[in-house]
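See the structures that follow.
The following pair of complexes shares a single chain, chain A, combined with chain B in the former and chain C in the latter.
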Partner chain A sequence: MIGRVAGALVAVVTLALPAVLADSALAVYILLGLAAMVTVGVSLLMGYAGQVSLGQGAFYAIGAYTAALLALHGVPPVIGLVAAPVAAAGFALVIGVPLLRLRGHHLAFATLAMQLILLSLAGQLEFTGGDIGLQAIPQFSAGSFEAGSALAYAYLTWAGLALVMLVTRNVIRSRPGRALRALATSETAAASSGIPVGRYKLVVFALSAAFAGLAGGIYCFYTGYVAPGSFPVLISIQYIVMAVVGGLGTIWGAVAGAAAITLLVQGLNSLAALPGMPSYAPGVLSYAVYALVLVLVVLFLPRGLLPAVTGRLRRDRPPVETR
Partner chain B sequence: MSAFLTYLLNGLAVGCAIALIAGGLVVIHRVTGVVNFAQGTFAVVAGLCVSSLLGLGLPHGVSEVAAVLVAALAGLLTGLAAVGRRGTTPLSSLIVTLGVGVLAYAVEIVLWGDQPRSAPGLAGAVTLAGARIQTQHLLVIGVTAAVFALLALFFGRTYLGKALTACASNPYAARVVGIDTRLMGLLAFALGGLLGGIAGVLVTPLRPISFDTDVTLIVNAFAAAVFGALTRPVVTLAGALLLGVAETMAAGYGYGSHQLEVALGLMIVVMIVQAGRRPAISQEQT
Partner chain C sequence: MLELSGVSRSFGGVYAVRDVSLTVADGEVCGVIGPNGAGKSTLFNLITGHLPADHGRISFLGQRVDRLAPHRRAGLGMSIVFQAARVFRGMTVRENVMVGMHGRTGAGFVSAALRLPRHRRDEREITAETDAVLGRVGLAEWADRPAELLPIGQQRALQLARALCARPRLLLLDEPASGLRGQERERLAALVEELRADGLTILLIEHDVAFVTRLADRVVVLDLGRVIADGPPAEVRSDPLVLAAYLGQPS
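The block that comes next holds the complex of A and B.
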């Protein structure tokens, strides 16, 4: 009950927020929302299917390139935005069949390799624009409405994130969701209880890819250009950091993790931009933050920030008399 | 023909550097069950160190040894973070080493900047059967052969090496006979750092190293280690040499832009074939 009220409160506040934010703050708001969308997928994959993907940035890139290519060839942006998650999920389904035979560190490296291969290909192929990438992507528009301002993209991101969270919540609460939790603990035990392990893992993989693809689609319309350099390996690591910090397998935890890391890095970036700081300061500070937060949380708060905080709150409540 | 021989020896040298890093991965994975994502970082740290030390005017030999020792120290520190705390699962440890690798980026940029750096190695070249081979390449091959021979002696003949092997084959039984598995894990990390450092020192004169070279290094090394299922050093060495020769040949005969894809694709195929042969239950934690 409290959770539902808190959720509604967060929804109302975040809906009202873009109207009062300045443009520079809106950019942070949008990037935060996009990161949260991908992180929810990563959290679902790591927390429920027990699989680590270091290649989530690849699906983000596929979504962005799909939407950008379609929009540049005159297809209405709405269709491009729908095609972005579909393409990412389709790609995940195809490569997931062989890749998901791997687990643990093998899968982590295989997904990392997949991202490196895709980036290298995108940098060489003609139709993706090579290293320069695709530019002059038209603004997002639906019918007569055209998203010309950052405000419109902020609401688009909000809607996307809400959709992603709703889908995830329903998946987790369904019968397949319980099956996923079972196979995260032991695949053998899950399989012997009649859970189609391979199929479920593939579906979660594709779902998390679809979330990343949707975020990538919005990203390409918002920035107006995509290039291989927009999707470095570090971006995939960043999603892992956010998911781990927030608490694996929790929807709100993923959002909280994305918010905490984005705001922290943004704060440090503005600190590093102060006069007198060396030119390498922004990069160094964000690397250091990702690294320290990741290591400290994994070692000392293995369940993540949000579960740790709510657990503490629950413990602080006066014990109920049960006699 | 002489071009072929040049490519072959250059490829072997590249493969040897990969093999040293992969050897570190295997040592650490055997003893602790952790895949050390920061393994490429050790090579980068050593390479950057040696370029600075030589720049300060220290003689060859001293600089190289010092750089390798710094890498070993980095390995020890990584080990403390990854396995120093009791009850860290191997997958958490992988994520911790990932964090250590990113942290190293910050440290490296502060100390050395973000531009690639190089260091002078052995100058000159020798002509072998009509092929010109840089002396540094021969040095890399020679040192790697010596290191692998020493490793075999260490694991096969010394008490410490046998204790490490005991932790690898059965940690519980190793604890029962009084071996401190945690200490052995840290030792394995230090050894991994040492091996990565040797690779870094050898490679820096051949190709410039920058803070983010570690991704290519670790992915190649992991690909080589995968040939030996992350546990068998000799197969890993063979895999690394194969990888190095294949990549250099591809680059030499004009497919250079696709060498990364070839190596990574090969790695994925090998992993999938291996996974198909193993029953799922043997890969789960108990």
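The block that comes next holds the complex of A and C.
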């Protein structure tokens, strides 16, 4: 009941916000939604299925480049937006076969390397526009609707986020979802319950890549250009920080983490841009803050922001039974 | 039902299991005992597929399985209760047991994401079976608790429930009594006796001789990776070779 009311409240606020936000705040709102979309995938992959990826930014980039290239070649943007998650998931399926044989930090480093290789390829190849990237990407449109304003992109982004959250929730509370959560604890015991562990890891890797790809697709239409510089390695680390800060293995935690970090970074950026600040202030502030936030959360809120808050709520209720 | 012939496995040149042949007949409770380091755990892992055998063949239900992955062997009807607590963390007791139904249902990611009829049908079936099995092993009132918070005896019962949910043809128990106290051990033994009465085929690998001789129809004794005795419990218990291996001295 409380969950329903809270959910309805969040939905109303989410829908009302774009209409009242100023343009600069609306841009933050869109980027927040896109980051949340990727982070939900990270939470699914890391929090539920126990696999680490430091390369989610690569799938974000694949989605963005796919949608951009298709749109620039005259393909309708709707098809480009559908192709973005499909291409990211397809790439994840291919690269996941060798990568997912690795575990823990080996897997993390391998996915990080994957992103570095892809970025350097995108910076070299002609059809991706090299370091300059792809520009003049047409606006997103579907039939007679054309997304000409930031407001339209805000709704598109948050509709995408709602879809991603719904799919994740449905998967988690189901036969394949329980299988993923089981293999996170023990692949041996999961396999002995008849779960094809390798195949399931591959599918969840592809699913999280699809979420990142969808976010990338929306991003390219919104900004109108993509370049390797839009997808630094730091972005992949940022998604993990968001997932951990919000609370791994909770869907709403991913959104809360994305919101907390995005707003924090925005605040620091405006702080660093104040007159009298040294030129290195933005870089130092953002890197230092990622590190500091991560350390503080791991030390004091090991389960993340959201579980810490809801856990407190639950503890405040009278005990139903004691034994 | 299960047949091993000439199965060997060595680690760094030392045989953990050497030329072991044994059969488990339909409806039989077969116990495997042996002192520490006899190769019991290795033998167990060879049967379940978590370790590949160097030599020999393993057949299950008339089919060769020694090259099959663990989840394929599970699919053929082998269910396992591990010695180490292998409860899935972050899941309730009920969800843990539900995982045991994986092989008997088929709803995949697409059915789940779109909440297709296939998903609903499977969830109904899984819930009904899980509730029945939870009641049978005495975990019904713990169903909605986090599984990792259960005491060890109940964790063992949970694993047994998960294994039973798969409706196994062969139930493999790895040191089920280890770490259990008197009452917990008694409850587990009663449960295994009940399963035996139902006609379930069970392979019981156990350190505790009293536990095995009470439950098993036939006992196989391992020592230093080899089978040194094979027969009814009473016979094996008085075998001088077994006494020497187990007690370290003839009595």
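Here are a few things to note about the model shown:
Rule of thumb we're sticking to: the second predicted complex is superposed on the first by the 319 of 323 C-alpha atoms of A that agree within 3 Å, B and C clash if a C-alpha of one lies under 4 Å from a C-alpha of the other, contacts with A are read in each partner's own complex, and residues count from 1 in each chain.
As a working rule, a contact is a pair of C-beta atoms (placed from the backbone, for glycine too) under 8 Å apart; a residue touches a chain by one contact, two chains touch by 3 or more.
On a predicted model such as this, the values are computed, not experimentally measured, just so you know.
Shared-chain residue A:101: touches chain B; no touch with chain C.
Of the two partner chains, chain C is the only one that A:190 touches; chain B does not reach it. Taking chain A as the reference, the larger set of touched residues comes from B, when chain B and chain C are compared.
In the superposition on chain A, contact is made by A:176 with chain C only, not with chain B.
In the superposition on chain A, contact of A:116 is made with chain B only, not with chain C. When the two structures are aligned on the shared chain, A:244 is found in touch with chain B, with no touch to chain C. Shared interface residues of chain A (contacting chain B in one complex, chain C in the other): 186, 188, 191. By the touch criterion given at the top, residues 35, 81, 85, 88, 90-92, 94-96, 98-106, 109-110, 113-114, 215, 219, 222, 226, 257, 260-261, 264-265, 267-268, 271-272, 275-276, 280-281, 283-284 of chain B touch chain A in their complex. Only residues 52, 98-99, 101-106, 108-110, 112-114, 116-117, 120-121, 124, 186-188, 191, 233-234, 237, 240-241, 244, 280, 283-285, 287-288, 290-292, 294-295, 298-299, 302 of chain A touch chain B when the two sit together in their complex. Put simply, chain C touches chain A in their complex at residues 48, 50, 69-71, 74-75, 78-80, 82, 86-91, 95-96, 98-103, 105, 107-109, 111-115, 119, 122-123, 126, 162, 166.
Only residues 167, 170-171, 174-179, 181-182, 184-186, 188-197, 203, 207, 249 of chain A touch chain C when the two sit together in their complex.
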